[in-house]
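As C-alpha cells, here come the structures.
Both complexes shown next keep chain A, but they swap its partner, so chain B is in the first and chain C is in the second.
Right after this comes the complex of A and B.
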C-alpha cells in the first residue's frame, strides 16, 4: 500500500469503520452504565439555593478554594489542553469543512495562525501534564498503562495534524494519512477507555450534585 | 474463594448502581482527591488517595458489568478480588477514611467518592474485613442498645442527676410531646451537660418534649461499619419509639453520624418515608432563635471558633445555623480556613475513633486541625458533635494545646436569659 492508497483507505473505509465503532461503542457503553439505575431517596429533602445537579455540572469546572494552589499544573495544564483541543478540533477550517461534508453542519473558523498557536500551546500543555503525571507521587502511583496509552492516542492526532499542515518530516500526503489514521484510533478507543469521561463526567457531576442537593448542600 | 468472600463480592455487585458505574468511568486518575484528603495531605503517602481506596470495587464493577471486563474475565485476563487483597484494603477503607466527603466536593469530574466508600464497606463487613473496634460497637448497639454499652438505668441515673441539678423535670415516654430528644452514648457517658442544656432551653421556649425508654441512643455504628441490615434495626427502634409516642419531631443530638443515619439514611433503610420530622438540635435552636423563643444574655469574650462536623455541614446542610447561634453568645467568633462545607475533618469520623488500629494515624492527621487552630489563634473550640468533641480533645491533648472544646448547645444553655 503506497501513501495515496493509505490516504484513500483512511478517508473511506477506515473512517467509516472508526465512526461506526465509536458510535456503537458509545451507545453500548452509555447503556451498560446508566441502565444500572439507582434507588429513589426516600428521606425528606432540604432545599437550598444553588444546590442541584445542573449547578454542579457548571460548578465543577472551576477549582474549589485552595485547590489551584495545591495542584496548579493539574488545573492550568488541564484547562489549557482541554480548551486547546476544542479549538483545534472544532475551529480549524479543514475540520469544519469535513464536518459539513459529513453532517451538513458548519460554523465560522478561526484564522489558521490562531489555530497554529493553539496547537503548539495544546501540545506543550499535554507534555506538561504528562511530566506532572510522572513526577507527582500521587499521579504516578495511580497511573496505569491505560493512562499513558490514552495520553498518546490523544497527543498523536494533534502532533500529526500540526506536522501535516507545516509539511514537517514526511511528505504531506503521508502525514495527512497518518493524521487521519491517528484520529480513527482515538475514535475507536474512546468508548472503551478513560477517555469516555468526555460523556460520563456530565452525568457524574449531575448525580453528585443532585444527591447532595437533596441534603441542601451545593457541591 | 471462601464463603465469606463469595458473600462479600455478591453484596458489592448488588451495591453497584449507575452513579458508581458513572463515577468509575469518569475517573481520569488526576489525583486531585488526594489533595482534599487529610490522610494524604498530612502523611504525603499516595496510598491514601481516596479513589485508590476503591480499587477492588472498581475491578468488580469492570469484571461484572462491562462487556470488555466480562470478556477479560472469561479468558482469565483479569485479576479476581481475593481475601488477602480485601484484608490489605481494610486500612484504606476503614482506618484512613472518616467518610468526611471532602474528596467528593473537589473531584473535577464530579465523583461522589465517599458514596462509593460507604457502599464498599458493605462488602468489606460481610466478607469479614471490618475492624474489630467497629464490630464491637455494632454488636453492643444491637445487643445492649448503645455502642458504648450504655443501658436505660444509666440514662435514668443521668435524668435524676440533671433533675436534681436544674430542678426541671426530665420527661420520659410522654405521649404526644412535640419533640423526642435523642442522645448519643458519648453524651450520656462523657458530656452530661447536654441533657441539662436541653431541659433549660425547652423550658424557656415553652415546648413539650420527651425522652424515649426504648430509643434513647441515636448513634448508628451500622452506618459506619457498613452493614445496612443492622443499621436498619437501629433506626427502626427510633422510628417505632417516635411513632409510639406520636411526636412531631425527633431531635438528633450533637453527633454527626447519628444525624446522617437518622435524617438521610433512615427512611431508605426502612423503605418508607417517616411520619415525623427529623432535625438536628442546632436546627431546632436556630428555629427557636428566629421565632424569638431562644433568649440569651451576655457574651463570651475569649476568641472562639466553630468546627463543622462533616456529617452536619458538608453532608448534612446545617451550616448557617451554628453561625447564627455562635453570634448570639460570642463577641470574638473567628472562622478557621475552609469553614462550612469545606471544613477539614477532626480525623475521627466514620467509625475511625472507635477503631484502635487507626489511633496512631488519627493523631498524625490531626496536624491539619492543629494548624487551622494556630492560624486563627482561637482559645476555645466549639462544635456540635460529641464524637468530634472527644477526638478534638484527644488530639489537642496529644499536641499539648490547652484549648477547651465545648458543645454549642451547652454554650447556648449557659447564656440562657433567666425566667422573668
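Right after this comes the complex of A and C.
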C-alpha cells in the first residue's frame, strides 16, 4: 500500500468505520448512563447558598483556593491544552470544511499562522502535564495505563497534524494520512475510555452538585 | 547496422546551428534546475552522444500523452530533443505501418541498451487479451522489449500507476509497468515514472534530457518520480496559497471569492497532496495551469487519483459517503436500551434479595 492508497483508505472506508464505532459507542454509553436512574431522595431539601448543580459546574471549573499554587502545571497546563485543542480542532479551515460537509454548519476560520501557534502551545502544554504526571510521586501512583494511553491518542493527532502542515519528517501525503488515521483511532477509543468526559463532564458536575445541594452541601 | 551518428553530427546534418543548440542546452539546464553555466557542459555531453535508440510503446491509453508532447509549440525543446534520440518505434507517430512498423521495433530491439518509453497501462486479466498490437498482447510486447532495455520511462499516470484503466472495478486487470516488475511478470529494469494525465511536455523532455546528459536515472521519490520535477506539491508553489493561509476560500465557481481568485480548497482542490511541476512550469508554452484558470487541481499525477473521491469534494471531507452512520446510531441505541434493562434487572434482583439486618446480625 503506498501513501496515496493509505490516504484514500483513511478518507473513505476508514473514516466510515471510525465514525460508525464512535456513534455506536457514544449513543450506547449515553443511553446506559441516563437510564441508570437513582432512587428518589425522600428527605426534605435543604437550601444553602451556592449549593446547586449550576454552581458546582462553575466552581469546579476553577481551581479551589490554594491549589493553583500547589499544582500550577495541572491547572494552567490543563486549561491551556484544552483551549488550544478547541482552537486547533474547531478553527482550522480544513477542519471546518469537514464539519460543514458532515453537519452543514460552518463558521469563519483563523489564519493558519495563528492555528500553528496554538498547536505548538498545545503540544508544549501536553508534554508538560505528562512530565508533571510522571515526576510527581502521587500523580504517578494514581496514574493507570489508561491515563497514558488516552494522553497518547490525544497527542498524536495534534502532532501528526502539525508535522503534516509543516512538512516534517515524512511527505505531506503520508503525514496527512497518518494524521487522519490517528484521529480515527481517537474516535474509536473515545466512547470507551475516560475520554468520554467530552460528553459527561458537565452533566456529571451538574448531577453531583444537584444531589449534594439537596442535602444542603455546596460541593 | 550502420554506426549511429552523434547528436552533434545529426544536428549539423539538419542545419541546426551551434547557437540554437546551446540555447537548447541552456533551456535543458533550467528544466533540470541546474545553473545556466552548466549549458556548455551539457552541450559537450549531448554533442558526443550517439543518438540512443528509443522504443515508445503505447498500450491501454488515450494518446493524450503523445498529444501533450506533440501539441507543444515549434520550434521547441521538445522537437530538438527528438532530434537527439532515434525514435525507432512509436505506432502513432511513425510513418511505417503494419508489418514494417513491427519490423522496425524488432530491429531496434536487437542492439541492447535502448530506452523503452511506455504510455498506457497493461491489462493482465484473461492472459492480457484486452489490448493487443499486431496480435501480440501488451504484456508480451513489454516483456520482449524490456529484455535488452537499459531503462524504462513510464510516461503518464496509466503507465506509471495504472491510471484510469486501473480505476475501480478495473475490468481488464490493468497494471503499471512497475507493478508488473514487482510481480515478476516482466524483466526488472530501472524505472522512471513521469505521471500526469497527461504529463507536462517539458517534463517529459526534461527527464529525457537528464537521462541523455548524465547517462543515469535522476533522483526519484518514493513513487518513482524525478524529484527535480515532482519534488514540490502544487499547493506549496500555488500563487493562491496566501488565500489558503488566511482562510479565504471560493465557495462556488462563480461567487465573489472565485472572482477574486481565492483558494479553491473547498471546491475540491487536491493541490496539497499532488506533486507535479504545473504551478511552476505551467502549460501551453507557459501560459497558465488549471488552478490559474479557476479549477482546482484533480491530482492527476498521483496513484489512484480517479478513485480518491469526487474532484469537487474538499480533501479534508470524507471521500465516500458515511454509510455506517445510521445503522451504527440505531445499533448503539439498541445496545444502550438493552443494557439499561440488564442494569435494571440487576438492581431489581439486588433489591428483592435484600435482607434486613438486625442488631443481632451486627453483634455476630
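What to note about this one:
Basically, the second predicted complex is superposed on the first by the 215 of 219 C-alpha atoms of A that agree within 3 Å, B and C clash if a C-alpha of one lies under 4 Å from a C-alpha of the other, contacts with A are read in each partner's own complex, and residues count from 1 in each chain.
The definition used in the following text is that contacts are C-beta pairs under 8 Å (C-beta built on N, C-alpha and C of every residue); 3 or more make two chains touch, one makes a residue touch a chain.
Worth saying up front: this structure is predicted, and the values here are computed from it rather than measured.
After superposition onto chain A, partners chain B and chain C are found to sit side by side with no clash. In the superposition on chain A, contact of A:113 is made with chain C only, not with chain B.
Once chain A of one complex is fitted onto chain A of the other, the partner contacts of A:205 are limited to chain B, with no touch recorded for chain C.
The three-chain arrangement built by superposing both structures on chain A places chain B and chain C 170° apart around the Cα centre of chain A, to the nearest 10. Taking chain A as the reference, the larger set of touched residues comes from B, when chain B and chain C are compared. In the superposed model, A:3 makes contact with chain C only, not with chain B. In the superposition on chain A, A:28 makes contact with both chain B and chain C. Contact with neither chain B nor chain C is seen for A:149 once the two complexes are overlaid on the shared chain.
Judged by the touch definition given at the top, the superposed model places A:65 against chain B, while chain C stays out of reach. In the superposition on chain A, A:196 makes contact with chain B only, while chain C stays out of contact range. When the shared chain is aligned, chain B and chain C each come close enough to touch A:36. Once chain A of one complex is fitted onto chain A of the other, the partner contacts of A:74 are limited to chain B, with no touch recorded for chain C.
Remark: least CA distance from chain B to chain C after fitting both complexes onto chain A is 5 Å.
With the contact threshold set out at the top, residues 28-29, 32, 35-37 of chain A are in contact with chain B in one structure and with chain C in the other. Contact residues of chain B toward chain A in the complex are 16-23, 25-32, 34-36, 40, 44, 46-47, 49, 51-52, 65-68, 104-112, 115, 263-268, 271-274, 277-278, 313-317, 337-338, 341-342. Listing the residues of chain C that touch chain A in their complex gives 221-223, 233, 235-236, 244-247, 249, 265-266, 272-273, 302-305, 307-309, 313-325, 327-329, 331-333, 335-337, 339-340, 343-344. Against chain C, in their complex, chain A makes its touches with residues 2-5, 7-8, 11-13, 15-17, 19-21, 23-32, 35-37, 93-95, 97-98, 101-102, 108-113, 167, 171-173, 176.
Looking at the complex, you find that chain A touches chain B at residues 28-29, 32-39, 41-44, 46, 48, 56-57, 60-61, 64-67, 70-71, 74, 78, 136-144, 147, 192, 194, 196-197, 200-201, 203-209, 211-212, 214-219.
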